[in-house]
Structure formats: C-alpha cells, structure tokens
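Paired with subunit B in one complex and with subunit C in the other, subunit A is shared by the two complexes that follow.
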Partner chain A sequence: MKVFKLITRNTWRHPLRTTLTVLGLAIAVTAFCVIRTTIDAWYSDSRATSPNILITLNRVSLVFTVPMSSIEKVKRVEGVKAVSYAAWFGGTYIDPKNFFAKFIVDHNTYFDLYPQWVVPPDQMEAFKKERNAVIVGRKLADRFGWKLGDVVRIVGDIYPGNWDYVIRGIYTGAKEGSNELNWFARYDYVDERMREIAPSRAGQLGWLIIQIDDPSKAAVMSKEIDNLFVNSSAETKTQTEEAFALSFVEMSGTIISGLRIVSILVIGVILLVLANTMAMTARERIREYAVLKTLGFLPRHLIGLIVGESIMIAGAGGVVGLLLTAFAVIPLLETALSDFLPVVRLTPLTLILGVGSALVVGFLAAVFPTAQAVRTSIVDGLRMLD
Partner chain B sequence: MPLLVSYSLKNAFARKLTGTLTVAGIALVVFVFCAVLMLANGLEQTLADTGSDKNVIAVRKSANTELVSILVRADADIIKSDPAIVREADGTPRFTGEVLALIGLAKKSDSNIVNVNVRGGSAASFLVRPAVKIVQGRAYRPGSSEIIVGSKVAKGYWGAGQGEHLTFGGRDWTIVGVFEAAGSGFESEVWVDCDQLGAAFNWPTFSSLTFQIAPGTDFVALKNRLESDQRLTVEIMPEREYYRKQSASFTTFIKVLGMFIAIVFSLGAVVGAMITMYGAVANRTIEIGTLRALGFGRSSVLFAFLAESLFISGVGGLIGIALASLLRFLEISTTNFDTFAEIAFSFKMSPQIALQAIIFSLLMGLIGGFLPAVRAARVRIVDALKAR
Partner chain C sequence: MAEILVHVEGVSKSYWRDSIEIPVLRNITLEIPKGEFLALMGPSGSGKTTLLNLLAGIDRSSQGRVRVGEADLSTLSEGGLASWRSAHIGFIFQFYNLIPVLNAFENVELPLLLLKMSKAERRKQVETALTIVGLADRMKHYPNQLSGGQEQRVAIARALVTDPDLLLADEPTGDLDKQSAEDIMGLVTRLNREFGKTIVMVTHDPRAAEKAHKIMRLDKGELAAT
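Right, the complex of A and B next:
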C-alpha cells in the first residue's frame, strides 16, 4: 500500500507534465473510439438484417435486372413464404449533394417483409391508393422538413424524366437505431412510364426479396433458386440479406482497412508521447533510484514503481478519454453524421478496447526507462549529475 | 544570433531519447497527414488524366455518371454531324458511342467480388484515346466475343489475365489482349466491341458519346448548340472535367476525414512537443540564467527555445514527408462512390502536399514550443543561477 502512495506522489511531482500527458492520452483514446464507432456505423445496415430473407439479383452485377416473370418461378420453390421486389431509383432531389437512398418497391408486399419499418395503417392505405405516393423515413423527412401531403420532385437518371411524388407516409424504425433515412416509392408508377418511353425496360426488377420459412436452409435454397435461371438471359445470384448488405460495405473495404490502420497509428503517436514522459521522469530520478537501491529496494520494486506510475497516467488518460467520448464527442458525431449514416452508437467493445490500448501503452512506455533504472548500478546512479 | 541558433540546434538532440521520441511522434503525424492527402490526390489525378483536353463527352442530361446515362442511336447521329468534330482523311468523324456496364469480378487481394467497368466501344474509341496501348496480345476483333482488359484488371482480379475467359451476358468472352493507358482510369476497365456488348445485354443504347474537337473550337458555343437542340436531352462536358468530377465524392470524403484525423493527431504531437520543451527549459534553468547574465535579452531566449522546437518539428516533418513519399510505390484499389466501379490508383505526392505538410509540422512545433519558450524567457537571472 505504501508503494501505491509513493507511485501516486511520484505521478504528481510534475503536475504540468502529467496533465499534458493525460490530456494527450485522452485525445488519442477519444480518436480511437470515434474511428471505431464510425466503422461500426458503416456496418449497421448489415447488422439489422433478418436471417430468413434472401435477396436475388442478376448474376452479372447490380446494374442488371431480373425480369418480373421470375417471381412466379421463385414462388413455386418449396419453403418460400413470400416474394417481393424492389429496385434502385437513383435520381436527384434538387442538388446531387442531397443524396439519399431511393427505392421503388412493390406497394402490396414490400412492407410485409420488412416489419422493422413501421408505417401507421392509414398512411399505408393512402400509399396503396395513389400511384405517385411515397413513404419516407422519419429522419429523412426531418432532414428536408417534409410533411405528409408535400409534393417532392425527383429528377430521374436511371429512369429519365421528372417525377413528382406526394409524401403519404412517414415510417419509423421498430427498434432504436433503425435506418430512418430511406425513401420507398411505388414501382408500378415508374414501370407504367417506362412502358411508354422504353418498353424494353418495363417489367425489369432490381432484386427479389424472398422470405423463407427456415433460415437454416438459406444456402440450399439459394442454390435451388439460382438453378432455376441457369442459362437464361438473366442468371441470378441469391444470397442472404446480410451478405447482400455486406457486399455494399465491402466496396469501401480499402477505406475501412485504412481507418483501422489509422486508429492503431493514433495509439502509436500517444505511445511515443508517454514513452517520452516516462523517459524524462526516469532520467531525472536516476540518483533517487540509486538511493532506493541502497535502502534495499530490489529491482522488482523499481519495476513496480515505474510501471505503476506509467500505467496510472495511462489509465487516467484512458478514463478521461472515455468520458470525453461518451458524453461529448459521440453525441456530436451523431448529429454530424445523422444525414449519412443511420446509426452511430458506441459499443462496449469499443470502450474496452479504448481503455485496454491505453493500459497497454502505459505498460510499453515503461519498458525502456525501467530497464535503464534496473541496469544502472548504484555507484553510477549516485555519481549522476543533473 | 548565429551563436543562439547553433545553441538551439545542438540542444535539440542533447537528450537523444527524448529528442528522438518527439521527432518520431511528429514524423508519424505528418506521415498520416501526407498519406491522406496523397490518397485523395492519387484518385483525383488518375481520374483527371483519364480525360483528354482534346475530347468532349456527351451524356444524358442530369446523369452524373455514364452508368445511369442512356442515349439512343438517333442522338449519336445528330451529334456526329456537328461541324466542330475532327474528321479523318476519309471524312468519318473522330467520334465513338460507348456503352458502360458493371460486371462482378473477384479481387485477388481479398477475393471479394467488386464491380468492374466494361466499356463497349468502337474502333474510334482507340483513336480518341491515343494513350491506350496494347501491351500484350492484340485488340479484339469487332463482331467477335473477344475482349481486352486494362493492365490493372489483368493484375488485380482472378481469371482476368491474357488468354483467360470471363462469362457475362450469357456469353463466354476470351481475353485476347492487355492494354495500358498511361496510368489512367481506363486501366481499371474491360473493353469490348460495343455492338457485341449491346447484343449480349440487350441494350441497344449508348451510355456516352466521346468525340475529338478541332483545336480552337469555341467549346461554349458547341455546348450551347447541342444542349439547346430540341431533339436532344444531353449534357456536354470537356472529357477531362467529366472524369475529374467522378472523384468529387471520394476526395471530399477523404479530405474531411483527413482533416479530422490530422487535427486529432496533431494535438497528440503538440502535447509531446510541449512536454519535451518544458523538460528542456526545466533542465536548463541555470544555462538560461547564464545566457541572461551574459547579456542576452528575454526575446533572444524566447527565440532560442522556439528555434529548438521548430527545428525538432521540422526534422520530424521532413522524415514524415520522406516516409510518406515511399507510399507512392503502393497501389490501392477501391470502389469509387460516384461510379460504383472499382478503380486502382497510387498515392501521389505533390509539391503542394509537401509544402502543406512542412507548414503543418512547423505549426505543431510553434504551438508546442511557445508556452515553454515563454516560461524560459520569463526566468529571472537571480532565481535561475541559484536553481540548484
């Protein structure tokens, strides 16, 4: 216990230096947590998926379509409970900067397969009655200040022309942290116009959404469904909803790995700072350590003193960093990113890793000064000036 | 003054370990700072160089990328007849209609399936892009199921080398050649005969029209002429500008992210520099007193310590820049948000980035060294000399 007191006293011998070091550590831990939280947010859509949903798209890539006629074939596969479909609409709302995900979906079945989007019954009814009706997420509506009944014009690209939509529904997520940034318009409205202006593109779907009764059969059924379309003009690739969502995340795989490297480098920067502090401290106290040795302190006592001090500073930095992250930076980040990433949430794992890396840094920073203190003989230590 | 400067420089590394650790910290921060900017610059340059100053591209109005642009054959016939277009000796315009599609290929680095551009072009596609050179095998024969692949595709994906086969659009395509394109974005593409690709996918349309205009052509007049043509719904852009725009989302994203990272990292490094400099001041109180007693003024002492801090951070900055320069040998590949297609590029250093990095590092030294230098300047001679 006395050793502990000694460590505490030692830590505060240079209040300014210690404060600066703790501050540096706190910033690094905060940065580490922020980067990890951002990466987690990227994956949030893939985590919100359901295991009994399969997605079928054109084998070549997502710019190619699946014909409407495939639905009936898929429905006949044993174990398929329901089939719906959707497509990516693209398009621009006023300015390309106002990007958000716009889907066109089958108004009769789509929302049955996605119970996580909750739409009030009267709004759902209105959506089903009107061809140019659209249901938008609550956060998306907030972002642009849309209210029920507002008319919103989208300038199409994949589906050329101007498209005027009436907001007939605002959905909320069933669970906290659901993606409330989507736009779901009716497929039949778009298809009707394509029939007029580009008949070859009518009846073409982006992907099928297939509900199956037993998630454990997902792999077998995926193969079975793909086999239906082998050698047809639109061969398919069927995968679980999670794999589908992950394939989008993986497109940014290089950036995500880059971010992971950066989150480690920030720990590296702070390791250098703490190592510097500990090296200066140990250097100043070489005479003192020699005195302690003369008094009968063994190397392990010195190791305990130096490592203990280093870990105490690191731990303090870690804790301050966590408090900063949880109560100041994450709420800020949530507001800043809310228009782009649906869910920004700090996970316990991130917190543990943040503090953990601070403690590891504390240990590593003490290695060199400790070795020096232990190695210096009493005579050399006492002779040391400065 | 020279005396003080040499005093500062010698002191900077009087404490080897401390000095080295501080320099290393700043070098690491500058390295990350440069790496981020080089990444954004690499993509921007690669895409900008994909376009040529001589060429003009037409896409469907309000389509930001070729991928979502659809132009019919009649559009091509109207534009093709514009007098501004360069003509070959036999009178055919130097003009190519192209169709762009995405196919999934498995990356060698992680076996993930990513989207790769397939460009259906014509013989004129090579004429308007003289940088494209076949380096292995030969060009595809029009009217056949033959394709050629960019060098980055051949290198980066499974089953995409010379002599191998790719399957898409219900056909088996033979890779008969590999081409380079001066490091531009085309090297990340697969090229094929436009009519064959259109037939395979049942797409009788074009995504974009690219043509060379005669030197001295009034571009604005051309743009107005074609865009105001009642029969057309097109947008006309210089090819270079069109491709540069394709990097906008990615570079903005990387730069914003990079600024955040640079600021946070630099706070760490500034703290490090501050600790070192406060330590230096504390250790040298007697020296400071001696200097003052010899007649050096407070501002000289302030200057000496600031110079030491700037020197340390400057050395760190140079090391960081040197390390970051090595990154240019590293090639990376990522999906471009704007085009949805995978593109390979390298980190690219530029004089601006180096300059920004050195300013950034000196700024860290200045901020980190300022308060300690002020403390040094305020030391009173009497206190200093009896410090021990």
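Right, the complex of A and C next:
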C-alpha cells in the first residue's frame, strides 16, 4: 500500500462532497481562463504590430486630421523608408449591429507596409484599378457571405452619403490568428467626393503610417517628426504602432481592469471553497491522525496526506476546468466574440496559470487544516468524538 | 527473577484547565516484568488511561520517569518517541480506530510502512498477524464489512504486527458484546501465554481483568491496591 493510494481513497471518501468541490473548482478555473482569454483577445492587435512602423496622428485626438501635405515633409526625415496613410471611415452596413472596422487607405502603398495581410496579386491589381474597390478580411467575408464582385453599400456618417463598394479582394492573415475582420477601401474615392461636397475636408488624413529603417531610433524619430509640425494648425503625435494599437485597448481600460480584478476574485473564491472542504475533512479525521501518530507516523506524513489530498482535489478541478474551457467554453466564446475580437485563443500561458492557480490554491487551502492536525496532541485527538 | 521491562518512578501528571491545576496521577511507582499481563482497574477519572498513555509515550509526565526497556521516555524528542513507538509499542484502542478506507490487510500493514522492510516481508508479517487473530480469510474486507469483534481482531493484528515489546490495551472489550469480549480476551491471553507478550490492559470489566496475572487499582490518581 502506498501513501498515494491512501490519499486517493481519502479524497473520494465523501464522493458527493469531493465531486461538488471539484466541479466548483472547475467552474472557477473555467471562469479564470475565459476572462484571461478575453483580455488576451483584446490585446491581440497590439501584439501583431511591427517595431519599425510609426504612426503619426493629430496631437489633439484621432478625431482630428493630419493634412496630406505632411507626407512629403515626413518623407524627408532621415531614416524614413516609406510613408502611407489611412483614415477611419465609419458608416453602417445595413444595420448598426453589423459593426466592423472600416478604413480608407492609400491603395498604392498601404499593403506594402502590412505584409501580414496577404492579398492575391490579381485581386490587388483589381483593387488598384477601381476607385470603389474594397479588400475585406476572410472572416469578415465569411460573416456576411460576401464574395468577389459583390456590391456592398455602406451608409456614411463621418463621410456622408451612400457608398457603393465592389469587393475586389479578400485578404488572409500571414500568420495563424491574424485579424481578418477589417475592411480596406480606397482613400482617393472618398477624397474625390469630399472635394465636391465638403472641400474643407478634402486632403485630410486620419494618420500616417511611417516605415523606418531602424526600430531602435523610433523614439528619436518620433520626436523629430513631431517637431516638423510644431506651431502648425495640425500638431502631431508620433508613436510606435504598438503604442497606437494599445491606445485603442486603453479606451476599454476600466473594463479590462475590472476583468482582471474579477479573475483574481475567482481565485479567492476557489481558495475559500477548497479551504472549507479541507477544514471539514481534517476536522473529521483528527482522531485518525491521532491514531496514525500513535502508530509512529510523523507530522511530515500527516502534512503529505492533507496537502496531497488538497492538491489532488485542486488538480482534478483544474484539469476538469481546463477541459471544459478548451473543448466547450472557448469554442462558444470564439463564435460569440468573433465579430468583435479577431483572435480568441486559449494560450499555453493561460493554461499554465489556470492549473497553476488551482495547485497553489490546493496548497494554501491545506495550510490551516494541516497546522491543526499537526498541533493537536495525540491525547486530545484520541479524545475527539469519543 | 524476571527481567523488568517497564519502570515507572515517581510519576505524576497534571492537566491545566485555565489556571487551575488538575492532578491526574500522583507519585506512581511500579515495575512490570517482561511477559507480565497486568490489568489496570479503577473508577472513571482515576488516571488509568493517562498512565497507559504515559507508558505508550503518547503523553508526557509532569514529574518522574518512565523507562521501557532501554528507552527513557522523558528524554526522547517527539520524533524520537514516534520512532520508538513504531518499533516497540502495540496499542489496542477501545473503539478499534481502524482507517475506514483501508481494508484489513492495509490497516495491519500501516505500522510496517514506517519500518525498512520489503513488500514481500511486509506481506508475510501482515498475513501472519491476521492468521494469529483468526482473520486470514478477511484480509480484503473493509472495516464496515466486519463485525465489532472482527474489527478489534484487526486492530490487535495491527498492534502486534511489528512484534512490539509491549502491548497496551485501553478497554479492548469496552465496545463489544459478551461473546465477542470473551473471544477478544481469549486472544489477548493467548498473545501473553503463547507469544510471551508483555501486556498492560485498562479495563472496567472484572471478567476481563481476571485473565491477567496481576490487577492494579488506581483511585484518584494513586495506586490503591494490587
């Protein structure tokens, strides 16, 4: 007979209690993993950024624009390899519920700076030939059942009017898990109409995308670029692409902080659930521990039995929770959030943290009952329930 | 003259409840020769179980010394006492105190896990002990599948499996019916007569005490009569 066998049998001495505790832990671990996965999904765009790309936008906010004339000035800065530009288009496709990110971009240069979005050459050629052409991500096309040649009407808000676009390209991500939910239309198509209906808005860009030759010079170059526009009507703020992406995430900072706090509270809840079970268990067995001590078992043997049992329950809860997360909850979450968060993926780190938290909780939950069992004298233990 | 196995010299034991000292044993001195079967009797609260606990090394005296064989129990650490108990003491409880999730074989095997023995040696010793108590055919039975008498037999097998110098029994028939009590006392007597085990037994039952070589009575913590 081995100690492990005794731990296993003790664990299942009260099958209902153990099953309920394991399920409680499993649900908590699932909640923890789902929250972390959701937070990870929020940050997925910022992780896909390139270190040699800078973004220049109006210092006031993204709502304000940068003039087209700034491109030539930026190009002259030493270390700048290429400059492109884009703007947020907004607008509605049929119903506001059908939200997705719509950008207008420079059709000649934009995709050169984003090699992670792969467009077949013939489709790229078609995009460049036709002013109202649009390239959409594979997942976005799948979401609405679009195919090449389809005409899609967007009702504009930032850029008023009806905008009829023809889908000429469908991009895929170069890496697994890339964002395939974007819409890229041509800037010149919109700008042309702006010249007719609102000339003051023509030639105004959302932001510049600047490729630099050396990422280590990003800070110096950002300052140099911003200095070009000091005291102009559109002072700029230049930052790395990652910082730019994170600024969007930070808009939801309070929600993310809230989620992080909830994930920690979930760990606290599972600690209490297991600590309660282990306290009941150890109290019921005080007499048995006294008998074992009478037979010559040492405190370290009791520690092994109690901590082992606690960790076994916690480990079982962790494993069941992970299986539940990986095979049931995450696929559901992926479906539910795929329209808003491009990458919903259970990472190895989340798996490790989920099981790790459960095991740490298993250890902590055993501390008090173990101390109680070790401290209780044999005589007092034998007297218990006598 | 028989060799003395247990020396109890001027032993007193008190418990403290809040700040009040409650004396349980007062200046007990006794010697128990090897091979003796001693019954300790006395009213409840007279200190019988406390004395038994002191002999087992599961409690410490407030004053005086207890020696069992070569070991002076007052000088041993808690760890030292535990190791000593595992090799030299067999303890039989009134309520058997078997581990419910282990079968008869595994319960009897428990004390052997603390000794350096191979699995085969353990098996042999456990089977021998269960055969002595007449339960060779109940090895795979769990405590809840055994009668009270059978549970106590398993507990006795567990107490003797390490071949201890001293068997201590705290009212071993206290929770049994008349027939089972007689069977258990028959077994305890056999352990003393056939296997030469030194036994100290606490009991309230005069019929059980009659089986002993010697009866000692405790009253209010003092040895009253022999």
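Keep this in mind: the second predicted complex is superposed on the first by the 384 of 386 C-alpha atoms of A that agree within 3 Å, B and C clash if a C-alpha of one lies under 4 Å from a C-alpha of the other, contacts with A are read in each partner's own complex, and residues count from 1 in each chain.
Assume contacts are C-beta pairs under 8 Å (C-beta built on N, C-alpha and C of every residue); 3 or more make two chains touch, one makes a residue touch a chain.
The structure displayed is predicted, hence computed values, not measured ones.
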Checklist entry - Which chain makes contact with more of the residues of subunit A, subunit B or else subunit C? => result B
Next on the checklist: Contacts for A:298 in the overlay, against subunit B (first) and subunit C (second): which applies, first, second, both or neither?
Outcome noted: second
Checklist entry - Where does A:13 make contact in the superposed view: on subunit B (first), on subunit C (second), on both, or on neither? => result second
Checklist entry - Who does A:136 touch here: subunit B (first), subunit C (second), both, or neither? => result neither
Next on the checklist: Looking at A:382 after the superposition, I want to know if it touches subunit B, subunit C, both of them or none. Which is it: first, second, both, neither?
Outcome noted: second
Checklist entry - Taking the superposition as given, does A:86 touch the first partner, subunit B, the second, subunit C, both, or neither? => result neither
Next on the checklist: Output check: A:105 vs subunit B and subunit C. Expected answer is one of first, second, both, neither. What do you get?
Outcome noted: neither
Item to check | subunit B versus subunit C as contact partner of A:200, first or second or both or neither | outcome: first
Checklist outcome for this item: Dual-contact residues of subunit A, meaning touching subunit B and subunit C, are 386
Checklist entry - Can you list the subunit A residues touching subunit C in their complex? => result 1, 3, 6, 9-10, 13, 287-288, 291-298, 377-379, 382, 386
Item to check | Residues of subunit B defined as touching subunit A within the complex | outcome: 15, 17-18, 21-22, 24-25, 28-29, 32, 39, 60, 62-64, 67-70, 101-104, 110, 112-115, 168-170, 201-202, 204, 233, 254, 257, 261, 264-265, 267-269, 271-272, 274-276, 278-279, 283, 332-335, 340, 342
Checklist entry - Where on subunit A is subunit B touching in the complex? => result 16-17, 20-21, 23-24, 27-28, 30-31, 59-64, 90, 92, 96, 155-158, 160, 198, 200, 231-233, 235, 247, 250-255, 258-259, 262, 265-266, 268-270, 272-273, 275-277, 279-280, 283, 368, 386
Next on the checklist: Help me check something: in the complex, which residues belonging to subunit C touch subunit A?
Outcome noted: 53, 56, 58-59, 79, 82-87, 91, 93, 95, 97, 99-102, 106, 109-111, 113-114, 158
